[in-house]
Amino acid sequence: MKPLRQELRLALPATLAAATDIVAEVKQRQMVPPGPPHSFCIELLVREAVTNAVVHGCNGTESGTVLCVVRRQQGRLFIWVEDNGPGFDWRARGSRSSDPAIPGGRGIEIFEKFATRHRFNAKGNGVALLYRFEGE
Amino acid sequence: MKPLRQELRLALPATLAAATDIVAEVKQRQMVPPGPPHSFCIELLVREAVTNAVVHGCNGTESGTVLCVVRRQQGRLFIWVEDNGPGFDWRARGSRSSDPAIPGGRGIEIFEKFATRHRFNAKGNGVALLYRFEGE
Amino acid sequence: MEMNTIPDSAGAILCPSGDVVADSETELRRRLRELVASGVRKLTIDLSNVQMMDSAGLGLLIAAHNSLSKSGGELTVIHATHDLLELFRTMRMHQHFSISGE
Amino acid sequence: MEMNTIPDSAGAILCPSGDVVADSETELRRRLRELVASGVRKLTIDLSNVQMMDSAGLGLLIAAHNSLSKSGGELTVIHATHDLLELFRTMRMHQHFSISGE
């Protein structure tokens, strides 16, 4: 039976383990089509968004919290990740590929390449990712 | 990790197997606190609502469809079951216990006794059930 | 639904397994009808292997009780799980037949 | 993260297992640093037991490549899963070091 819609809303303390915990919950509740390539791509997107929220948004603050909403509906997965940090000026960043020689700076490039669409909120402390499956 | 909110929305053809299928989906997705007494009570409520939708609402019509929404949020489970049948006049029924000698007529009594609250929509083709867990 | 029937001096013991619910109870209903028709008077239903029962299942027990009573017989339910005992109690099934737990 | 290191005539083969992601990559990062410091020039990372890698993992591979290059060495990645090959291709990792699949 294919659900019309399935939604999971989670909040947790901003630690590096948050991404792994959220991915485990999403898989356990069968929100992601199993197997390649979707399962990997969706896990990757969730990890990048949550890790950015933890590392850049909350940056080790004790009160840091990450909110994550995952919704599956008619062949689309919608992911919302928000932190209670200061945000950032994503408009200034523009759309450019990472510097090949520098180890960091590949998270947002992964949004650009693996998500169907992505959009930050005005403040830059929340990102919406849309992922469309082919099959559904 | 305890989700803030989890929702599942399902639609399926009105057959007697629908109740069993929906219960399986809800359990598989870990929407119900495992073990006694909640798991049993919730399964019972879902079965009664879905079976009534199938038997009385759709009554063997080929185009019969049952919609079921299950939402878990802060210690409460909210269940909505709707069919595309004619509904019934639940106001006329009042609140009375079943006739002890008659085999049928115990579904709505189960709502009254096992749900925290239940409410039919105006037409009588949809019922909302609220179930509150003690522990959460 | 699988089901063992053990002939007993006083009647029969029926031991269904699986859920006794709207979409699976026809087999048990048929078997109960056969036993009553064959003249069994004292019927015991052993619920050791049943986890779930809904109002259709309750209706089936009441119907069996009604048929047996008519011919002076008796229904007994044994080995009900804690969840089922709670359901029977809440739905006042003890008014009809004797029920015991695991 | 578990990890086998096989000394090799030309250098070392490192075989991590588990996810190479932000919350688990420190152990692999430490091990790579040690190997480079100990003078290893040709380093092979065998990804047979790795299913998942995120941008932190990619960053770690690029950092290892950078360190090895500085001392005239070389990084090679082998036995990458199909998913990881696709990630490496999309993120243009082949520009840096040689990558092969399962």
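Note that the chains are named A, B, C and D in the order they appear, and that numbering of residues resets to 1 at the start of each chain.
Quick note on the criterion: a residue touches a chain if its C-beta (ideal position, glycine included) is under 8 Å from a C-beta of that chain, and two chains touch if they have at least 3 such contacts.
Bear in mind that the values here come from a model prediction, so they are computed numbers and not experimental data.
**Student:** From chain A, which chain is the farthest off, judged by mean CA positions?
**Tutor:** Relative to chain A, the chain with the farthest C-alpha centre is C.
**Student:** Nearest whole angstrom, what separates the Cα centre of chain A from the Cα centre of chain C?
**Tutor:** Going by mean C-alpha positions, chain A sits 53 Å from chain C.
**Student:** Suppose each chain is reduced to the average of its Cα coordinates; what separation in Å results between chain B and chain C?
**Tutor:** 25
**Student:** Would you please write down the residue numbers of chain D that are in contact with two or more other chains?
**Tutor:** Residues of chain D touching two or more partner chains: there are none.
**Student:** Taking each residue of chain B in turn, which ones touch at least two of the other chains?
**Tutor:** none
**Student:** Which pairs of chains touch each other in this structure?
**Tutor:** So, checking each combination of chains, I get A-B, A-D, B-C as the touching pairs.
**Student:** Taking the complex as given, what residues does chain B use to touch chain C?
**Tutor:** 15-17, 19-20, 36-37, 40, 43-44, 47-48, 51, 54-55, 97-98, 100-104, 106-107, 109-110, 113-114
**Student:** Would you tell me which residues of chain C are touching chain B in their complex?
**Tutor:** 19, 21-24, 51-52, 54-56, 58-60, 62-63, 66, 82-83, 86-87, 90-92, 95-96
**Student:** Which of the residues in chain B end up touching chain A in this complex?
**Tutor:** 1, 3-12, 21-22, 25, 28-30, 67
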